């Protein structure tokens, strides 16, 4: 039942919208002075997904772990991204499913007016499905917040 | 308050996950014999987003408009994608916000085992925000269903 | 695409659980001194379903229209029944679907201990689907409250 | 506080809608060539309800356990049925309540047009309440999906 | 059916938590012949918050622990109050957050028409946040039901 | 990161609505250099509640109407407060109910560590019920966000 890596339907659907050569993504973010990190997490517990993203963001200095306002901004971005992933209730194992996700956290200034300040984006992409190998399809989520 | 098109934070976050040159997306889908369509819709009413995606999918023969089972598969994929976009309640203007979305619908066979048959993916990407120009941030959603 | 009236799958599934000859339903309820009413409502607006059930319950003296506490008990039973019908968000036309429902409201004392007093049950059964004839499947909901 | 088995208010409300002699349910389903199964599950954990229905459906060959597309169809039907049972959040013990449910799974072709193919219905009926004997009322749920 | 402006049950329940220095709150409730209790609970599990409030209400004879209809009224008031506290999904630790709450339960007759009978209000006030000391902000919830 | 117990922003926002006779609320907020406003709104449409609070906050210079980041912070605080008011789905007239609300918006620095910066609290208090005079009970909501 495994997904054919050359025909991941969700990924293709997304790239139809996002069509851009990705080779220079890292350079562009670095050039812009933005900070970001990526990681992976697989779990049947939503709180472990939250913790994995929070830990990566803190360890990579995307947010200042001493400031609650930054943790608060990140937390809500993660929960919003999880709503895209879970589509209905932010529950994973408690409704007998599991996720295998890659995630990214990006912090930067996306608005032309510099007074709009910094924002944070959390993106999750991977698979969701039954706790049986291959019995899964793709899923994505994105949460954005001012920081 | 307009988004700087060179620094769309959500798009960059997504491409960190999706990093792939997109130039050949259309060719690849055609080569695989998959069918797909894209479109745009801006609205304060969720039902208009649903209708726009349904109409495009029918007019481009992505689904057979004579079969309810295909419409049913598509409908649930759209609602799931809208949950990623709206993150909490599938409401737009009724909670005083608006969306400007691009969408894609892809139909194909993403599993190695051909017995898994065809699946449909609906992706939405664009902005959500107040009904004031520029007072918006990016949003994404993905819904996948067997068909 | 019309449903074959002899093979309503949801109704059959329900009757597997409820298996009982129905001929004497009305007599039994009357014998027990319970009051009840039935009706039908088709709409794309959830508030019209609520209003149809409330109006029927008041006009048939199932609840006392002068007492808010009875209206409050009935209202929450209706909303709970609608959650079974809508499965996710209590929205109909705003997510481009329509319902055609039969409903019943029953008031009585279902517990052995008479001190448990009266309760009210609202049941909804019918179809939900696209605003296209036949593009629909069955749906059911049940809400129960003390009154 | 036990429910009086002769006056189950929700069941009566449902039968007002479903009024039909049930004696021949099993024969009719068999005559139609439909497959179905029934079972029972009591739990404070939603994932155990999901698992009980999935296991029964697989063991009785209602779905092909080798095909994810069939498991996917069944899973969403179960979750939709659970939304009718839980009415708000698909949570049981995590909000201090428990369920005792009978369930049925039916697979067949309910539309006149044979091109509409097979559909699956999951029905849940029983009680929900506090984890105290008798402190409970009836609940029902129905989920239907194309398969 | 009008609310008696001097006996707004929700406001009284809230002020029991918020207006610590208001010496006359307790006297006023006692003078009116209303019964009430207060308590505290900190947890990462929603069911423990439910249990703490239920136990306090029973031990202080706010509700009759022998009657399910009273427990049912209280349960729904608690869950409604928790929705104000959690704002989206009635989950705490499962989405990696914790609460520290004071609660009050008030039972009385808030309507001018005595036929409206008794009602129950549950109020929760405290903090919600990450499981890190100080990484939290305030939260409130109020649930009201007829009893 | 600890909250300053003398400057709990949510409590202050709530007491502005509940403690009408407390003459010193306004003085205390002014002494602290915090800004705030209050208002009233009655509607069957959620977006009108959002608009009333947003307009009051902008007209009273609680937020800078030129900055989306401030509007974004306020918007999410309003929606969170509405979740306490509506308890389940952020819908009013669409499920046949109406609200009559007072609201307050408070902006200040509630944490002992000044680096935590400014936060915004939105509080709603009033009645919710059927569109029939007197058929209503109290309701409250509080949303807090960093700004």
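Just so it is clear, A, B, C, D, E and F label the chains in written order, and each chain counts residues from 1 on its own.
Just so we're on the same page, a contact is a pair of C-beta atoms (placed from the backbone, for glycine too) under 8 Å apart; a residue touches a chain by one contact, two chains touch by 3 or more.
The chain lineup, named per UniProt: A, B, C, D, E, F = Hut operon positive regulatory protein.
Everything numeric in this text was worked out from a predicted model, so none of it was measured.
Same-residue interface: chain A and chain F share over half of the residue numbers found at their contact.
Centroid to centroid, with C-alpha atoms defining each point, chain B and chain F lie 34 Å apart. Centre-to-centre spacing of chain D and chain F amounts to 42 Å, using the average Cα coordinate of each chain. Centre-to-centre separation of chain C and chain E, using mean CA positions: 30 Å.
Across the assembly, chain B contributes 1, 66-68, 72, 88-89, 91, 94, 111, 113, 116, 119, 134, 137 as residues in contact with two or more other chains. A complete list of chain pairs in contact reads A-B, A-D, A-E, A-F, B-C, B-D, B-F, C-D, C-E, C-F, D-E, E-F.
Residue ranges of chain E in contact with chain C, taken from their complex: 1, 66-69, 72-73, 76, 111, 113, 115-117, 119, 145-146.
In the complex of the two chains, the chain E residues touching chain D come out as 45-47, 50-51, 54, 66-68, 71-72, 75, 79, 82, 89-91, 94.
Here chain D touches chain E in the complex through residues 1, 88-89, 91, 93-97, 129-130, 132, 134-137, going by the rule given at the top. Across the complex, chain F meets chain E through its residues 1-3, 8-11, 14-15, 18-19, 22, 80, 83-85, 87-88, 110-111, 119, 121, 125, 127, 132-144.
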